[in-house]
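Each of the two complexes below includes chain A, the first together with chain B, the second together with chain C.
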Partner chain A sequence: MTIKLEIKNVSKKYDNGDGIQDINLEVQAGEILTLLGPSGCGKSTLLRSIGGFESVTEGSISIDNQDITTLPPEKRPTIMVFQGYNLWERMTVFENLEFGLKLRKIPKDERKNKIADMLEMLGISAMAQKYPQQLSGGQQQRVAIGRALVLEPEILLLDEPYSALDAKIRVQMREELKKIQQKLKITTIFVTHDQEEAMMLSTRIAVMKKGEIVQVGTPSEIYNSPADIYIASFIGQMNFLNQENRIIAFRPEDTEFVSVNENNSETFDGVIQSLTQMGHYTQLFVTVASETIILFGSKEVIEKYTVGSKIVFKITKKLSFEKEK
Partner chain B sequence: MSRRKFILNFSILFIFTFFMYGPLLNTIMLAFATQYQAPHIIPSAFGFTWWKNVFSQGDLLQAFFNSFLIAILATIVSMIICLPAAYAIARYEFKGRSWFLFSFLLSNAFPKIGLYTAIGIIFYKLQLMGTLTGVVLINVLNTMIFMIWIPIGAFQNVYKQQEEAARDVGAGPIRTFFKITFPSALPAIIVAAMYTFLGALDESQGTLLVGFPQIKTMATSMYGIILDQSPMVGAIFAILLIVPAILILWICYKFLGKKSILQQLFVK
Partner chain C sequence: MNESRGLRKAIIPYIYVTPAFLLILLLIAYPIVTSIQLSFQDSTTSHFTIANYQYFLTNKIQLFNIGYTLFVSIATVLLSLILGFILALYIRFNQNKISKAVVALTVLPQFIPGLVAVYSFMMVVRNGGVLSRIALKFGIQYNPNMLYAAKGLISMNLWFNIPFATLLLLASLSSIKDASIESARDIGAKKMTLLKDIILPSTYKQIFIAGAFVFMSNVGAFTTPFLMGANNPQMLGVVLYREFNENMNYNQAAALSVILFLLCSLSAVVYIIVNMRKEKWR
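So, the complex of A and B:
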């Protein structure tokens, strides 16, 4: 594995105190790394710093061992797909893709071929002569990705590219992006606040909180061993139970329903508040002491239990965190 | 609608139309009159006699030419000075930004003649009195408000990310401005240029003070004509001034479309 992008001790402070602090990150060639976090956590600031749209206060950014910290966006080998696409509305789809190629002084015939191939790959060949306003959101999104990829950047930056699309198209676009990325092997940095999207797309995820990276790992590492309660609650469904001075956390699927309480620290009594058939599994809302948790059981569970009845369950896999003071 | 209301509405419309178009119609009528005596409303004879007279006066034709030269130069100079300023105001937050913007309104609220007197003193020192440069500068000053205010709105309407996207694919800041920002703001800039051009074409006070007697435009010549020559010459001159104005408005209308023009005038 070769390191494509190296971020060392990068900080960016805004006058209002927001920003990012002491970011260290290495991105491998050919991977999709997702910056995940709630809005205002600094993920977009970090991405814009990589793209050259924000000048960093401290630290260095290098691509292929070349320091690019002070270069303007036009001199960097990165291309960004913006939130809301930002196609140039006075240019046709073809011209949108051609603009960057022209600046790179690529001969006319070659430009035509490259653009035709790209539009073909994205399935929007018929749209070449249309203007962005005449396209649907999904099509505009494809053009925006095509405009970036046609320039064969070293690193593709995506800033919440699907936030303007409706749910169904979003899922479809994710699949497409993943396929294209696997085909082109292009190093990709993807910013999102949607944990599901991050889990689905990423080779690795960097979880951000208040301007810092709190954990970097593969989706399963992040899901199975979150570094703290914040990450645990942010990724996937997680239950928390207070136990003396600690908090134990477990996934709704990591439980077994048993008949007898063995009175150990893994087994709990609860009262069923609701039972819902979710298809191939049953979702139960259960109160333990005064806390409500969610459990998943097999689809047969709904026939064995009723609302209001007692349930005994054993946690098969749990995490334990110290209580935050 | 009741009869009474109808009569009332009609009278208001009639009075409004009369005040609006009456002077205009009278001017057109006078321009084609050969003989006219003050108390009469309708001239006693029509013809083109006075048109021949106007076109035979060499200095009037020179004024006609001057007017256009000054208007064109003023528009170009105004664009060169004001567009970068408008862009800066639209894009960057800086101390005193709103005060700076407001000051443009303020200079237009001043009684012009007072302003010109002060400018006159400076122009004398710089030896700009009676020169084309001086007259062009005065016209730029007068029309600056259009070239600043209208393009500011237009530049603000171009998303910053559109520019960032252009920088990202490899365009430098200047290329980005001319390829992305400028074309998007062009309709508004054309409207601003139209105002500047028409404003400069029509301007008389400043031009008279700074340019007299070396630089004469149609507008300044009007003063002399009204005092010395027959009213028909004045009317013909007014028409000569109004024709290019209507022509330019019509071209803008055709080129930009009705909707766009009204939008630039902040009419929804």
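So, the complex of A and C:
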């Protein structure tokens, strides 16, 4: 594995106190790394710093061992896809893709071929002469990706590219992006606040909180061993129960329903508040002492229990965190 | 019951429109019709004639006045558009104290009465005025020679029109998304390319519209040329005033009014063409 992008001790402070602090991150060639976090956590600032749209206050950024910290966007081998497609609306799809190639003084025939290939790969060849406003959201998004990829950047930067699309198309676009990325093996950095999107797309995820990276790992590492309560609550569904001075956390699927309480620290009594058939499984809302948790059971569970009845369950896999002061 | 309610519903819009419609008829349509009528009448016999127009379109002095008016107006349009666009660009792409101060300054002239502004400007630029005195402090004999000359008129017009053009152009520049500019920079667009391929295509309409407004208000201008202009050549607004108040030749005055109206409608045509133009990308 080669390191494509190296970020060392990067900080960027805005006048209002927001920003990112002391970011250290290495991105491997050919991976999709997702910057994940709620809005205002600094993920876009970090991405914009990589793209050259923000000048960092401290630290260094290098691509292929070349320091690019002070270079303007046009001198960096990165291309960014902005939030909400953001195509040039007075240019056709073809012209949108051609603009960058022209600026790079690529001969006309070569430009035509490259654009034709790109549109073909994205499945929008028929749209070449249309204007952005005549396209659907999904098509515009494909053009935006195509406009970036046709320039063959070393690193593709995506800033919440799917936030303007509806849920169904979003899922489809993710699949497409993943396929294209695997085909071109292009190093990709993806910013999102959607943990499902991050789980689905990423080779690795960097979870951010208040301007810092709190954990970097593969989706399953992050899901199975979150470093703290914040990450545990942010990724997937997680239940929390207070136990003296600690908090135990467990996934709704990591439980077993048992008939007798063995009175150990893994077994709990609860009262069922609701039962919902979710298809191939049952979702239960259960109160344990005064806390409400979610449990998943097999689809037969709904026939065995009723709302208001007592349930005993055993946690098969749990995490334990110290209480935050 | 139902029918009368329907009838009442149908009448209501007309009731709302009627006062405005009558006002327009009385204050705009009626004077225009009488002016046109008057312009084709002989001043003594009241017979039909085109002599009133002939006078303005053949008389050397009057032709020169028309040319002078067009020259001053077009120069004002071009200069206020260029300078206003540069200012608007600066304000749009720089968020600092200077740009905020400039925005405040562009609004200021709207609060100063025209007459006051013209007199103040004259105090500054007339020979022996503020500029000359400052120059004298440094031992330099300097007279701007701005009064009674086209450059003085144009400068004053710019004082009025640059802020106006800036505000109009700023509105259209503000509608360009930052990301649009950034993504163009990202792929290597230099400043001139940004201007030519991204910024101008989304602002040219407002540029024409601002130009049309500036042209209209300057072709028929009166206050500034009356106070600052020379006796020859004269701006048409002043010529019209003289025809009306000094020569009392109402028929010629009417003909000149129609000519001024036609000149103004040139910019109305530009305005309409630009607005009606169907854009492929929409």
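Structure notes:
By our rule, the second predicted complex is superposed on the first by the 325 of 325 C-alpha atoms of A that agree within 3 Å, B and C clash if a C-alpha of one lies under 4 Å from a C-alpha of the other, contacts with A are read in each partner's own complex, and residues count from 1 in each chain.
The definition used in the following text is that a residue touches a chain if its C-beta (ideal position, glycine included) is under 8 Å from a C-beta of that chain, and two chains touch if they have at least 3 such contacts.
Keep in mind that what you see is a predicted model, and the values were worked out from it rather than measured.
On the superposed chain A, the two partners chain B and chain C do not both fit; they clash.
Once the two complexes are overlaid on the shared chain, A:Glu300 sits clear of chain B and of chain C alike.
Look at A:Gln133: by the touch rule set out above, it reaches chain C but stays clear of chain B.
By the touch criterion defined above, A:Asp109 lies against neither chain B nor chain C after alignment on the C-alpha atoms of chain A. In the superposition on chain A, A:Gly51 contacts both chain B and chain C. In the superposition on chain A, the residues of chain A contacted by chain B and by chain C overlap at 51-53, 72-74, 78-80, 82-84, 86, 88-90, 99-100, 103-104, 147, 151. Listing the residues of chain A that touch chain C in their complex gives 51-53, 72-74, 78-80, 82-84, 86, 88-91, 99-100, 103-104, 131-133, 147, 151.
Across the complex, chain A meets chain B through its residues 51-53, 72-74, 78-80, 82-84, 86-90, 99-100, 103-104, 147, 151.
Chain C meets chain A in the complex at residues 177, 179-180, 182-190, 193, 197-198, 201-202, 279-282. Across the interface of their complex, chain A is touched by residues 159, 161-162, 164-172, 175, 179-180, 183-184 of chain B.
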